[in-house]
Amino acid sequence: MNDHTYRVTEIVGTSPEGVDQAIHNGIERASATLRGLDWFEVTQIRGHLENGEIAHYQVGMKVGFRLEETS
Amino acid sequence: MNDHTYRVTEIVGTSPEGVDQAIHNGIERASATLRGLDWFEVTQIRGHLENGEIAHYQVGMKVGFRLEETS
Amino acid sequence: MNDHTYRVTEIVGTSPEGVDQAIHNGIERASATLRGLDWFEVTQIRGHLENGEIAHYQVGMKVGFRLEETS
Amino acid sequence: MNDHTYRVTEIVGTSPEGVDQAIHNGIERASATLRGLDWFEVTQIRGHLENGEIAHYQVGMKVGFRLEETS
Amino acid sequence: MNDHTYRVTEIVGTSPEGVDQAIHNGIERASATLRGLDWFEVTQIRGHLENGEIAHYQVGMKVGFRLEETS
Amino acid sequence: MNDHTYRVTEIVGTSPEGVDQAIHNGIERASATLRGLDWFEVTQIRGHLENGEIAHYQVGMKVGFRLEETS
Amino acid sequence: MNDHTYRVTEIVGTSPEGVDQAIHNGIERASATLRGLDWFEVTQIRGHLENGEIAHYQVGMKVGFRLEETS
Amino acid sequence: MNDHTYRVTEIVGTSPEGVDQAIHNGIERASATLRGLDWFEVTQIRGHLENGEIAHYQVGMKVGFRLEETS
Amino acid sequence: MNDHTYRVTEIVGTSPEGVDQAIHNGIERASATLRGLDWFEVTQIRGHLENGEIAHYQVGMKVGFRLEETS
Amino acid sequence: MNDHTYRVTEIVGTSPEGVDQAIHNGIERASATLRGLDWFEVTQIRGHLENGEIAHYQVGMKVGFRLEETS
Amino acid sequence: MNDHTYRVTEIVGTSPEGVDQAIHNGIERASATLRGLDWFEVTQIRGHLENGEIAHYQVGMKVGFRLEETS
Amino acid sequence: MNDHTYRVTEIVGTSPEGVDQAIHNGIERASATLRGLDWFEVTQIRGHLENGEIAHYQVGMKVGFRLEETS
């Protein structure tokens, strides 16, 4: 059995609805192009304001995924 | 066109319901007295406990807004 | 009247539903064995991914509670 | 009952005597112009030296106070 | 001779008088139930304000103590 | 002689030219409405990109100024 | 199936031999009294020097373990 | 309209001339292979010294860009 | 001569043996697909525990490598 | 007039009495061998415990002093 | 060939002109008394304000230099 | 008995072999010129890569030593 190596990529998911949905949207987009997703960690919660209201939540995340073996 | 300067104020929004609602309440209160709100950034998520349950979520935020030109 | 001392313990609450629910679950479990819970502070928001989707939100929290007097 | 919002302002209190007195002086000055002061948190302890001795302790603090309702 | 292991617990000591006294009160309470106390490290200095004055200093501390051997 | 108290406000200065100019612009705007400016400290250097080029440098700063005595 | 809650305890493992051995010694001692150990995270690597040589490596760690259900 | 996801990549731009030029060089190189660049944030300012003089400024930056939709 | 730009990628190397070996395994895997590797910096040392013993050391690293010129 | 350069040295002052006295003792010792002391900044407040009581407060400080011109 | 050891000293360079010049002035002063300077890292960018304008930029830096062999 | 003051110096030890050996080499070099070494604390673990392999581990450390009395 091998000692796996993981890569960590950083993304920002966004949503007008809230923190959970912004996380969900970011993970969904990441899973469209990356395989082996294993964990995420929130690094920042921000948002954009327009006319005194929250237009978008922006949640920064590190996302870890397992690298495939090279042989 | 001018190089805008922004001011950053720090607030704590609260809610018994959850993190999103505490953010919303804080922004709503800030927009009652400040114009030109542009972004927020969460700095802390805390809460007050009573009788073993969450009485209030308390979300610290930095809120940025554009200063008007002085002429 | 006494000068109370508080103890701070660190837990990780989990939930497949979202951040608020993970906080709620962790606090509920802590209140099953600790009395005098007073506040919590989120230290980390992570999650476990399976098949490109969020399997569990994991929210790290410090939880403070008042120590009883020793006499 | 309302969900209060708090504002956090940052000050530096000073004193030639020590840390506690610098905190005290800063809070006293803040309370002269702000109502509803609720908590403080020390962010930095510095000091100015003259002739090899401590001329002033300078204690940075965040001070939180409750915003009044707007109606 | 053994390689000792230490445990680190986190407490908050309080006092209306000042930082040193809050540290002292917290350590005194910790020593009532823990043996082998070895060091402390201040992690946070806060306080509660009432009527524009300092009601309590609250000093967060990590306290390290030596675990007894298991045999 | 009095023990002065200082207030610290946070601003973001911007400029298309560079870091020094963004600092300069922010300080100039702050000095239009605040007296007794004493020091600044850079907290963040960011920028906005358009068409692959730097449109604006954005420099976050804390700015300290001496509060006037209340009597 | 339940949403598990984890507790995080902080220890310092020591060894005259090196970092890995200090981690190993600390985990071994923790496993003597705690069940369900799940992960550790190094928070600090320090050491004690005597006569210009390393007497002990001291490795601070957070150790997470699963709390049993309460029913 | 979609909720965009952004990716954040980390680069180090270098220049013998100064901080602004090192930022500029790094962004220019990034824009040669990435589309949709949106913002940068400086994470570190270092430099290499040779013969007691600054040979290169090295500016670490996070660079955010919008991911294209997958359909 | 050119002003090189570097890219920084983040990986997690793993090993059941220890910290050095986990670093080594991660770098070896990274060098299988990246050219011009120049430096690494450890960002986190964690590990997975099974049956009270260390199953894997997990070492987070930033790895910097020189980007090739675009012409 | 010249652009002064300052050097920053790090010390730990100790005292059985309290934080202020530990700062005072450290500065007094530093001023015995260094000229041009200008400021200090507290980086850490720790202490050594013996028999459940505070044996020594240990206050880490950065101390800045002006370097003399070289001509 | 030997395994070199480096020492890291901390300085603050100043200039009325800007960040780059303050870095340059500090390095120039350091190189007057230290040999083997190898790298610097900016730790803080501050400045002194007088009459609402920037009197001096103050740039804190860690400077690393190679220690000579002892034989 | 006196209240000792300690000085903290920062070094970087290096080794092609691993983290422990880099710490050891740095401490050995420091002890060649400093007396009264008391503790060290690792601040950074980095390394230099050549041809896809680890050429040197570089371990940053703060090293504390007791200052002699001045009389």
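The chains carry the letters A, B, C, D, E, F, G, H, I, J, K and L, assigned in the order they are written, with residues numbered from 1 in each.
One rule holds for everything that comes next: a contact is a pair of C-beta atoms (placed from the backbone, for glycine too) under 8 Å apart; a residue touches a chain by one contact, two chains touch by 3 or more.
For clarity, every value in this text was computed on a predicted model and none was experimentally measured.
Counted as hops between touching chains, the shortest connection from subunit B to subunit E is 2. Graph distance from subunit D to subunit I, where chains that touch are one step apart, equals 3. Under half of the residue numbers at the interface between copies subunit H and subunit I are found on both sides, making the touching surfaces mostly different.
In the Cα superposition of subunit B onto subunit F, the rotation angle, rounded to steps of 5, is 120 degrees.
Our note on geometry: subunit B versus subunit J, Cα centroid distance of 38 Å, whole angstroms.
Note on chain placement: the centre of subunit C and the centre of subunit K lie 44 Å apart, centres being C-alpha means. The mean-CA centres of subunit A and subunit I are about 20 angstrom from one another, to the nearest whole unit.
Among all residues of subunit J, those that touch two or more other chains are 9-10, 19-20. Interface note: chains touch in the pairs A-B, A-C, A-H, A-I, B-C, B-D, B-F, C-E, C-G, D-E, D-F, D-J, E-G, E-J, F-H, F-K, G-I, G-L, H-I, H-K, I-L, J-K, J-L, K-L. Subunit L meets subunit G in the complex at residues 19-20, 23-24, 27-28, 31, 37-42, 63.
Within the complex formed with subunit D, the subunit B residues making contact are 9-16, 22, 25-26, 29-30, 32-33, 56, 60. By the touch criterion given at the top, residues 17-20, 44-49, 52-54, 57 of subunit K touch subunit F in their complex. In the complex of the two chains, the subunit G residues touching subunit C come out as 3-10, 62, 64, 67, 70.
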